[in-house]
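Shared between the two complexes below is chain A, which pairs with chain B and chain C, respectively.
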Partner chain A sequence: MLLTTVVLVLREMLEAALIVSVLLAWSVLHVRSRRWIGAALAAGIAGAAVYAVNAATVSEWFDYVGMEVVNAAMQFAVCAVLLALAARPTARAATWPMLIAVALAVVREGFEILLYLSGFIADRGAWSTVALGSALGAGIGISAGALLFYLVVGLPRARALRLAQVLIALFAGNMAAQGVLLLIQADWIPGGVQVWNTGDVLAEDSVLGQLLYALVGYEATPSIWQVTAYVAMFCLLFGLFLRRSTPADGDGSGR
Partner chain B sequence: MFLVVTTLAMLVLVVFVSAVHGYRSGMAEAERLFDSQLQEQAHLATGVASEQLATLDKVANIAFQHWRLAPGQPARLLAHTGNIPATALIALEPGFGHANFSGYRWRTYVHFAGRDDVVVVAAARTDIRYRLADNVIIEAITPVVLWLPLSGLLVWFVVGRGLRPLGQLAEQLHGKQFRELSAVALDRCPAELETVVDSVNRLLERLREAFEREKRFVADAAHELRTPIAVLRVQVHNFRERLPEHAAELRALEAAVERMQHLVEQILTLHRLSPEQLHGRFAALDLHALAQTVIAACYDAIEARRQHVELVADTGATERRALVAADRFALETLVRNLLDNAVKYTPEGGNIRVGVSCGPGEVVLDVEDDGPGIVPAARERVFERFHRVGGDAHASGVSGCGLGLAIVRNIAELHGARIELGDSRFASGARFTVVFRRLGAIGV
Partner chain C sequence: MRTVLVILGSLCCATAALAGPPEVQLEIRDHLFFPAELVVPANTKVRLLVINADPTAEEFESYELNREKIIPGGRKAVIFIGPLAPGEYPFFGEFFPKTAQGKVIAK
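Right after this comes the complex of A and B.
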């Protein structure tokens, strides 16, 4: 149970922490402000709690695939917001897209964790194990996020901005692919052909598999639609970044 | 912040990943331990008589079966404990396996006793084995996680303490006064910082020497230039007398020489106003009386341009004197430069207003004119050395060297006064406000 808790909490926490840290690094490099992050995290945690409390109601929507559809909608919403960020008219206007993207990512990942933890409310004997597993998973996830943040902001400015752009595009691709997977699970779109199976080489639930899943959206058995959504979103977002700004003009201060 | 967060993040990452790894390997080790225990129990059960085996059903988490294998015949169950069914649950092949019965999953071990073809099947409940191992390992790793916040506090404390000398150094450098280039010294300088402090001090020393050399050179050069310029002026004047047909060119030459002389005088004034020169010459001065003196001295120039000047004193209800601690020469220079500036930029027949007022703990000097004024964007730069609004092609056609207001700011800084630039009360024009601390006010 400890390992299951660690894997689940780590998977969700790592995903959220990496998105938060890259957007925060982007904000620090570009807008030189990090005040929005507190509001975004608070909104995300509150949203996750509200969603978790109403999980039963939501799951009944759309002929009992409500949760998949709502989660997919949130993934696509984050993609849309990241597209708005890439095509931002001014650096200062980037604060709102970042705030919304972080809040939605935290709602999405926080909801999964709360839903899992709520299963142990009645099982008092498991509390200590679940708490320990959650602490381990959350600690590893948050630490990885903090290190990624300092890794990005510690690079020379031009390279840091380029790395942040690549990571944001990768996260958006991951989000799009996950959204498609959820819609496949909801039977809203057909499953499609499985493109590859690397489960034997690198299992999704291994530590490296988890890290790659959070970082680049690694899937051992993706469908053609997932791969298409991933590649399309990555190219679209990265292309927008390249068109809108080169790292050298990324100074948002106006001086 | 960076050091504390990254150190803590790495500590958490390494400790927590090790804890998870430790849990995994601990569970695998416990599994091996329980297996060898089950093996031993199967061996021991071989010696138990079949009749006795049926009575061993008190232990819920372990079960046994005795089978007899006869060649060419199906295996026959001889005896079993009460918590295991009387049927074959697994293939009777030596070694470990798993079986499900009585509502649980069991780890099994089949042991061939080697006598009378007896085979012993021993089984242990996996959930109980798992819970036991889980409890023991979690007890071992929980303190690691619980004590981590304390490690975090220690890291924060140690990093903070280790970096304190660096903060002290930054504070000393940041707190250095205008042109103060004395060496920095730390209470406790760790070996790692000694090189930095030495380098900073050597740099400060070189900077101080360079400033000194520059100042001395400029002052000496200006001083040496005074005599030839005076001679030049006399000669130009004589030429004008002798060559009236070149009067226009010689007037331009004379104006240029005058400008050069003014520049040299201003440079010498700047030198005289360095902190070392002023040190210890401060006295209590009445700013109102001093302004009167300066206006009187400049009156000829004001009169020549038919300008109207007024001195307004507002010393408050208690008739306080506008006393400030200042160097007389410096303060006179400040007022004169502001007044000269107003005279230069006010058109002929225009107005100039000099105001001296006493506020709470301060004395305020205002010099206003109704000249063209200074646009807000250009206000910050007017105090820079050799800066003239609009460059040398000044619309007013007024000559100047661009040092007057730099000297004003220099004097204001040396007296701890603040200087502001705004719009005058006239239809157009600039207002220079210098706010001094009033002598006799609290803390002065």
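Right after this comes the complex of A and C.
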């Protein structure tokens, strides 16, 4: 149970921690206040609790695929706010997209952790093990996020900005692909053909596979629509960043 | 050749979808899947109805099927899977993976 808890909490934490750290780095690179992060995390945790409490109801929406639809909507909403961020990266208003993206990431990942933990409410004997496992999983996830944060902000500014742009574009591509997969799972859109199968070379459940899943959305057997959504969103976002990169580089000369 | 077959399979499924994909039931009880081996028709989209008879939530997860879904305690949920090439596709309950193990057999 200890290992299960560590793995589960770590998997969810890692995804959220990586996006949080890159957006936090983004905000540091643009010499902007980091105070939004507290509000974003608080809103995300509150949202996750509300979602977890209503999970049973949501699950039965749309003929029992409500969770897919709601989760896909959250993924696409994150894509939309990241596009808004890329379109006007230096504007003061860019704080809002970051806040919303982080809050939604925390809702999505936090809700799974809360539902998992809720299974042990009645089982007092399991509390200490589950608490220890959660702390370990959360600790490793947050450490990975911190590592990425310092990796990005430690680079020379121009390279740091470029790396952050690539990472944000990758996250958005990943979100779009996950959203599409959820809609396929709900049978709202057709599955399409499988583009490749790299399960033998790099299994998704291996440590490297899991890490790559969290970082770049690695999928061993993706559908054509997932790949299309990923590539389209990545190119769109990165293209927007490139178009705007001159003012973005210019506004933080005080660093 | 394989791609052509897959495309043909998808087309067949698109037609079949109009009539509604066949439904297969899976139950979660005491952190176990019943049946643990789920036989489904190959190359056909299937509507998998998962009934969680436990009071605790479970997460149906399968890397091979590319599926992941939470089913709240005491509720049911639907997961569409396939069309699958003939073969075995393991799945597990991510919340209780020690006991909740199963596989889909497409043939």
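The definition used in the following text is that the second predicted complex is superposed on the first by the 243 of 255 C-alpha atoms of A that agree within 3 Å, B and C clash if a C-alpha of one lies under 4 Å from a C-alpha of the other, contacts with A are read in each partner's own complex, and residues count from 1 in each chain.
In the analysis below, contacts are C-beta pairs under 8 Å (C-beta built on N, C-alpha and C of every residue); 3 or more make two chains touch, one makes a residue touch a chain.
Keep in mind that what you see is a predicted model, and the values were worked out from it rather than measured.
Asks: Do chain B and chain C fit side by side on chain A in the superposed arrangement, or is it a clash?
Replies: Fit.
Asks: Could you look at A:199 and tell me whether it touches chain B, chain C, both or neither (first, second, both, neither)?
Replies: It touches chain C, and chain B stays clear.
Asks: More residues of chain A are touched by which chain, chain B or chain C?
Replies: C
Asks: Which partner does A:187 reach: the first (chain B), the second (chain C), both, or neither?
Replies: In the superposition, A:187 contacts chain C only.
Asks: Touching A:129, do we find chain B (first), chain C (second), both, or neither?
Replies: first
Asks: Using the touch definition from the top, say if A:60 reaches chain B (first), chain C (second), both or neither.
Replies: So A:60 only meets chain C here.
Asks: Between the C-alpha centres of chain B and chain C, what angle is opened at the C-alpha centre of chain A, expressed to the nearest 10°?
Replies: For this superposed arrangement the angle is about 160 degrees.
Asks: Identify the partner contact of A:80: answer first if only chain B is touched, second if only chain C is, both if each is, neither if none is.
Replies: neither
Asks: Is A:28 contacted by the first partner chain B, the second partner chain C, both or neither?
Replies: neither
Asks: After superposing the two complexes, find the smallest distance in angstrom between C-alpha atoms of chain B and C-alpha atoms of chain C.
Replies: Result, nearest C-alpha distance in the overlay: 9 Å.
Asks: Find the residues of chain A that appear in the contact set with chain B and again in the contact set with chain C.
Replies: Common interface on chain A, chain B vs chain C: 1.
Asks: For the complex, give me every residue of chain A touching chain B.
Replies: Where chain A meets chain B, its residues are 1-3, 6, 128-129, 132, 135-136, 139-140, 142-144, 146-147, 150, 207.
Asks: Per the contact definition, I'd like the list of chain A residues that touch chain C in the complex.
Replies: Residues of chain A touching chain C: 1, 4, 8, 55-56, 59-60, 63-65, 67-68, 112, 115-116, 118-119, 122, 181, 184-187, 190-194, 199, 203-205, 219-223.
Asks: With touch defined as at the start, can you tell me which chain B residues reach chain A in the complex?
Replies: Interface residues on chain B, with respect to chain A: 2, 5-6, 8-10, 12-13, 16-17, 19-20, 23-24, 134, 138, 141-142, 145, 148.
Asks: Which residues of chain C touch chain A in their complex?
Replies: Chain C residues touching chain A: 3, 6-7, 10, 13-14, 17, 21, 45, 47, 49, 55-57, 59, 63-64, 66-67, 69-80, 82-83, 94-98.
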